[in-house]
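Heads up, there are several structures right after this.
One chain, chain A, links the two complexes that follow: it is found with chain B in the first and with chain C in the second.
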Partner chain A sequence: MIQVKYFGVIAEAAQRDSESIPAEKVTLSKILSDLSSRHNLGEYNFQVALNRKIVSNFTEQELSDGDEIAFLPPFSGG
Partner chain B sequence: MKKVFLEGAISPEFIADSIAKHQGKHSIGAHNIFLGQVRGDEVEGKKVESIDFTCYEEMANEKLHEIREAAFEKFDLTCMHIYHSLGNVKVGGICIFVFVSAPRRKQVYEATEWLVNQVKSEVPIFGKEIFENEESQWKVNS
Partner chain C sequence: MGMKLLFYHPFPEAKMNRYIRQITLPQVGLSGQQKLMESSVLVIGAGGLGCAVLPYLAAAGIGRIGIIDGDRIEESNLHRQVLYGAEQIGLFKAKEAADSILKNNSDVEILVFEEFLTQKNAKQIFSDFDLILDATDNLFIRYVINDTCVSLNKPFVYGSIHQFQGQVSVFNYQDGPSYRDIFPEENQSAPNCAEAGVLGTTVGLIGMLQANEALKIILEIGEVISGKLLIYDLLSNSQQVFEFGKVPGSKKPEIQNPFEMISAEEAIQSGSLLLDVRELGEMPSVHLENVKQVPLSILEVESVNLDKEQEIKIFCQSGVRSRKAAQLLSEKGFQNLKLIRGGAKDLLQFVETEIERNSKRSIVK
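So, the complex of A and B:
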C-alpha cells in the first residue's frame, strides 16, 4: 500500500488527513493526477513530498509498497 | 532527534529556563534570541484571535535536523535551539523561539536570521488564522 497524507488547506479540501491506496505498478504522476481530480485539488497550490523529501521532477517516478506521499500547501510556520 | 514542537504557546518561563541552562557553558560569550509572537492582524474588519498550527512532523523533524547540521557548518556556534508551537496559540503568545549561542556576537546575529528564514521557508508547518467570529483563513508567510 501507498500512504497518502494531506495537510492544511489540502486536507480540508480532500476532507481527510490520510488514506492508503494499492501500489500496483503506478507512477507518482499518475497517482497525483488521480488524487487531484478525485478530491478536486486543481485550484490549490501545493508541493509533493515522497518519503518526506520534496519532489521536483516526478514524471517517471515509480512507486513501491510502503512509499509515503504528502500533499503540502505553502509552508506558514513562524 | 532534538525536540522542537511544543503544544500551545511557548511560555516566558520556558524561555528564561533555557537561558539559565546555558550559564554553565563558559565558552559562550554571546546569545541571540528570536521570538515570534502571534499578531492580531485585521482582515476585512475581522481580527485574528489565534493561530492553529499543524505540521508534517516526521518530515519537519528531518528537515530541522538538516537545518541544524547546516547551521553548525555555516557558523561558528556553540549551541542552538529551535522551538515551535503546535496547536492553538492566542494573539500575543510566542509561537517560535530560536536561541543561538557562540563565543562572539557577530555569528549569533547572522545565524539567528538564517535559521528563522529556513524554518519559515523549508519546514512543513501550517498556520490557520482563527478570527473572533470563528471564521478562519490559512496563513500565508510574507
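So, the complex of A and C:
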C-alpha cells in the first residue's frame, strides 16, 4: 500500500488527512493526477513530497509498497 | 575557558544577573549572551505569531529588534494576540508591542515601523538587521521577504499556520534553499477567500518555534531547520519534517507586477475610486460613495469603463482576487493601482469605528 497524507487546505478539499491506496505498478505522476482529479485539487497550489523529500522533478518514478506521498500546500495564517 | 571569554568579551557586570539562568547553559555562556546582545532581528508582523515571538526575543536580550506592522489592534485579535488589551483597540500594533516588551527588558533597542512591508520599503528596512523573522499572514508578502532576503543574503525564519497546523522553516541560511525552492510561484494562491479560524495556542506554539530557531541561529547552537519544512499538527501532536534542496534553474527571485498595499483607513481617507472585484451578492457588502463593483469574472470586458489615469484601489474578501484584478488591469495599461489590505471586512470595520468615534464626539459636546 501507498500512504497518502494531506495537509492544510488540501486536507479540507480531500476531506481527509490521509488514505492508503494499493501500489500496483503505478508511477508518481500517475498517482498524483488520479488523486488530484478524484479530490478536485486542480485549482490548488501544492508541493509534493515522496518519503518525506520534496519532489522538484517529476520523473516517471515507479512507486513501491510502503512509499509515502504528502500533499503540501503553502500556509498563510499568522 | 570562561575567563578567556570574559576577557575577550567584556560583558557588563550589571546585566549578569538578568541573564544568569541562560548564561549558565554551557551552549550559551557569556559569549552566547554577547552574541545575543550584538544581534538584530526584524519581526515582520505583530499579530498572532509576532505576539509569541517578540517577548521571548526581548527577554533573551537581543540587542536590537525591529517591529513592522501597519495594522491596528482589533477586538477580534485579542484571543490570540496576547500582548494587547481591550483598552488598546484602535492603536498601532507595532508601537503597542514595543511598549509591552520594553516592560520586560528596557535594554533592548526597538525600532518601530507603523507601516506594511512592501517591495518599495523592504530592502532599506531589512538592511539594518541580521536576521528576518516572517510572522505575517500574507502569502504574497512572503515572496517579497524571500526575494529581499536572497538579494541581501540574510536568513529568514518562516512560520505560518492553517487552522491547527503550522509550518516552520529557516530559508536562505548559509547558502541554503529559499522559499521559492518549495513554492516557486507567487501567483498561485489557494482559491478560497474565506478567513480561516485559529486558536491562540496554535500561533503561540508556532511563533515560539520561530523564536527558538532565531536564538539558535544567533547562538550558533543545535541544528537549524534549514532545507527542512516542519509541519506540526496540534490536534494529533504529530510533527513531520520534509526535506528539500535548492532547485537548479528555479525561478529567479523577482516579483513581476509590484502593487502597493494600503490599509483600509488610508483607502477611505484618500477619497479616490475603490474597486470591489468580488462577485455580486458577496457579503459583507460595502456601500460607500466611491465604491464601484466590477466582479473579477467580467473585469476584462468591463475595464474599458474604467479611467486609466485615475488611481484605483482594489479590494476583495482576503486579497487573492484583488491581486489578480490588479495584474489584469496592469496588463491593460492601468498604472496607478493599489491593493487594500484586509478587503471588505477592514473597510467596513474602519467605517464603523469612525461612526462610533463621531457619535462619541457628539455625545461629549
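Brief remarks follow.
Everything that follows uses one rule, which is that the second predicted complex is superposed on the first by the 74 of 78 C-alpha atoms of A that agree within 3 Å, B and C clash if a C-alpha of one lies under 4 Å from a C-alpha of the other, contacts with A are read in each partner's own complex, and residues count from 1 in each chain.
The definition used in the following text is that contacts are C-beta pairs under 8 Å (C-beta built on N, C-alpha and C of every residue); 3 or more make two chains touch, one makes a residue touch a chain.
Nothing here was measured: the structure is a model prediction, and the numbers come from that model.
Of the two partner chains placed by the overlay, chain B and chain C both lie in contact with A:7.
In the superposed model, A:77 makes contact with both chain B and chain C. Once the two structures are overlaid, the count of chain A residues touched is higher for C than for its counterpart among chain B and chain C.
Of the two partner chains, neither chain B nor chain C is touched by A:64.
Shared-chain residue A:15: touches no atom of chain B or chain C.
Comparing the two interfaces of chain A, the one with chain B and the one with chain C have residues 5, 7-9, 49, 52-53, 70, 72-78 in common. Per the touch definition, chain C reaches chain A in the complex via residues 45, 47-50, 135-139, 142, 159-163, 165-167, 181-183, 185, 188-192, 196, 198, 203, 229, 231, 240-245, 247, 250. Within the complex formed with chain C, the chain A residues making contact are 5, 7-9, 43-45, 47, 49, 52-54, 56, 70, 72-78. Across the complex, chain B is touched by residues 5, 7-9, 49, 52-53, 70, 72-78 of chain A. Residues of chain B that touch chain A in their complex: 36, 53-56, 58-59, 62, 84, 95-96, 116, 119-128, 138-141.
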